[in-house]
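One structure, pasted below without further comment.
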Amino acid sequence: MTLRPAPAWRTTAWLNTPQPLSLERLRGKVILLHAFQMLCPGCVARGIPQAQRVAEVFAGAPLVVVGLHTVFEHHEAMKLESLRAFLHEYRVKFPVGVDAPGEAGDPIPQTMSAYAMRGTPTTVLIDAQGRLRRQIFGVHDDLWLGAELQSLLLEAHPGPAFDVRRSKTQVLPSAACDDSGCAAPSDAAPD
Amino acid sequence: MTLRPAPAWRTTAWLNTPQPLSLERLRGKVILLHAFQMLCPGCVARGIPQAQRVAEVFAGAPLVVVGLHTVFEHHEAMKLESLRAFLHEYRVKFPVGVDAPGEAGDPIPQTMSAYAMRGTPTTVLIDAQGRLRRQIFGVHDDLWLGAELQSLLLEAHPGPAFDVRRSKTQVLPSAACDDSGCAAPSDAAPD
Amino acid sequence: MTLRPAPAWRTTAWLNTPQPLSLERLRGKVILLHAFQMLCPGCVARGIPQAQRVAEVFAGAPLVVVGLHTVFEHHEAMKLESLRAFLHEYRVKFPVGVDAPGEAGDPIPQTMSAYAMRGTPTTVLIDAQGRLRRQIFGVHDDLWLGAELQSLLLEAHPGPAFDVRRSKTQVLPSAACDDSGCAAPSDAAPD
Amino acid sequence: MTLRPAPAWRTTAWLNTPQPLSLERLRGKVILLHAFQMLCPGCVARGIPQAQRVAEVFAGAPLVVVGLHTVFEHHEAMKLESLRAFLHEYRVKFPVGVDAPGEAGDPIPQTMSAYAMRGTPTTVLIDAQGRLRRQIFGVHDDLWLGAELQSLLLEAHPGPAFDVRRSKTQVLPSAACDDSGCAAPSDAAPD
């Protein structure tokens, strides 16, 4: 199987980064590209939070999370100033590029077209060599995503697996049950 | 770093399997051992559903999910007959061993003691060579777990990554937004 | 419309109460009777938590929440000792009666039969005069339940409405957004 | 106790209604006024969905749900065109007024100031006589809200309680357990 290079990103602005990002600049890193619209309910409720979790859990790995604002409807409602406020209020910290408007009146922006994305949210996984490996439209599960990202990381950096951060292990009480679990009477040993 | 072999399992009964399981029988497979109590709220609400998701998402991989019923309180309330009904009602399909009661009046059952588990739920990851690699008490996130499991699978079976099943991608409507996402007006291309 | 009296409760044991409860003893109070089985997933995940919220929110009102353990399957798995541990682990504080076993081999217990309940969870609302007013099988929403309970309270005690406790209003930060909301820059006035 | 009239609404535009709304026009109806900002995460995730549930559950009652867009930050990002798209994408059907900008450079809009709201979301309950009865900043529970609304409805329209619609009772399977509950073997009687 021959893998094709991911199409170049065509953007008009970038937020949350001092300089524009490109596939070339990020060569050597695994990329999770998250295409969204700020007024897409599924993106807000599920897609963006998942991308943020990835950014946190894989914080120390050679992996970057990049947002792409692919507006294909309500263009007037989602201009740069609104996106900037949106990212602030939702505490989105990863870099976000603004997809370039479609040419000749095409409502679909250019990068979205180049990837033939079907809508938002779309999650694209790009390997360390800049090749397109996965493209998923809609909501998918964390177990799958964690496994896929680890595969791409190990492919690029064979050897001991990157020690992914557990972001949500909760501290449990010392001798009782709560919503997280039940502690044994003698809290014998640390993990 | 030298990795120690996982302690042997000491059980009195098994459910959801025609014959008892052991580390030896499962050599060559990655094991997720999920220790729980049927009356532990955190196990019921979060731990067991996560173990079930792993069993589904990694269904085709050389990986097995094994439950261990480690009762350390209310022993009379969680006998075999109750556990059997619990597994039926909660549709738990993976094999479950019943941890052997502690000796000399110890409320902590034997396998739980051998692993020095601090309570329930506890998730133990054992590699294909039978070595203990991770042990987590409490609730943790799917991204981390997916990445860890993939690491152990790739370590045991180098080469093309196992193609983990996406269990929850939702089909989206063809030209509108719903809770999952927004479809582009011309549904350009399949994933 | 003539309202019929609620059928008498036929029970073999009570937990979380120093003495058995009956419709006669509770006359003058609105009753939410919550019929459940400890191994019914929908009861554990949704029905019982709702009944507990009612008990908290209406804590100062002439209203009582009463549980009824209506086992109609896996009888051996849900005996008194298991129920006692279940109530402890899930921190159920309201009184719970154990429905009397069906006669002549009937798997359906007696009170469940007398109310013609279709399964668990079933929520029954009984007015202050002991009359059956609502009976719902399955999961229903809090807005509806809050409104129904307030109706029965006001019917029994006309005049100023009982001041139902807000159980979950969250305190918000003083000048920022979080998952709960956004505070105005000058936190002008208390509620 | 003397109850004060709710302050008049000062707005610059209305959406989802053929003509502007006012307290005078709505006299005789109970009002739930939901103040929000379209970029307030707590409003989007919890406040607006609750207001929508109220509109559905109390659809046949003399009660109206009215939104108020009270922008006090990122004014450029939440103009009318963006709000219109937001209401469309989130399927908000109730009327929404746009709060008039604060005078003399005040970032707080006029109605928000008149009510001394502390931030968004804020839920205001106004009785059928136009009097302010409750004002809550932040997230609160449905049981409380259902009870409060029913009190105001019964106060305005004494007699048989309005029959609030159960919006979410789920149909259950006929002889098994699922996430909602467990059906009895013989599905004896309809509710």
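Labels A, B, C and D are assigned to the chains in the order they are written; within every chain, residues are numbered from 1.
Going forward, a contact is a pair of C-beta atoms (placed from the backbone, for glycine too) under 8 Å apart; a residue touches a chain by one contact, two chains touch by 3 or more.
Quick caveat, the model's predicted, so the values are computed rather than measured.
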Fewest touching-chain hops separating subunit A from subunit C: 1
Higher-contact pair (C-beta pairs counted), A-D versus B-D: A-D
Same-residue or different-residue interface between subunit A and subunit B, half as cut-off: same
Magnitude of the superposing rotation for subunit C and subunit D (Cα, nearest 5°): 180
Chain centre separation in whole Å, for subunit B relative to subunit A (CA means): 26
Whole-Å gap between the CA centroids of subunit A and subunit D: 34
Computed distance of Cα centres, subunit D from subunit B, in Å: 43
Subunit B residues counted as touching two or more neighbouring chains: 40-41, 45, 73, 89, 177, 182
Residues on subunit B engaged by subunit D in the complex (per definition of touch): 89, 177, 182
Complex interface listing, subunit A residues touching subunit D: 39-41, 44-45, 73-74, 76-78, 81-82, 84-86, 88-90
Parts of subunit C lying in touch with subunit D, wherever the complex brings them together: 37, 40-43, 45-47, 53-54, 57-58, 72-73, 107-108, 112-113, 116-121, 135-151, 154-155, 161-162, 164-172, 177-191
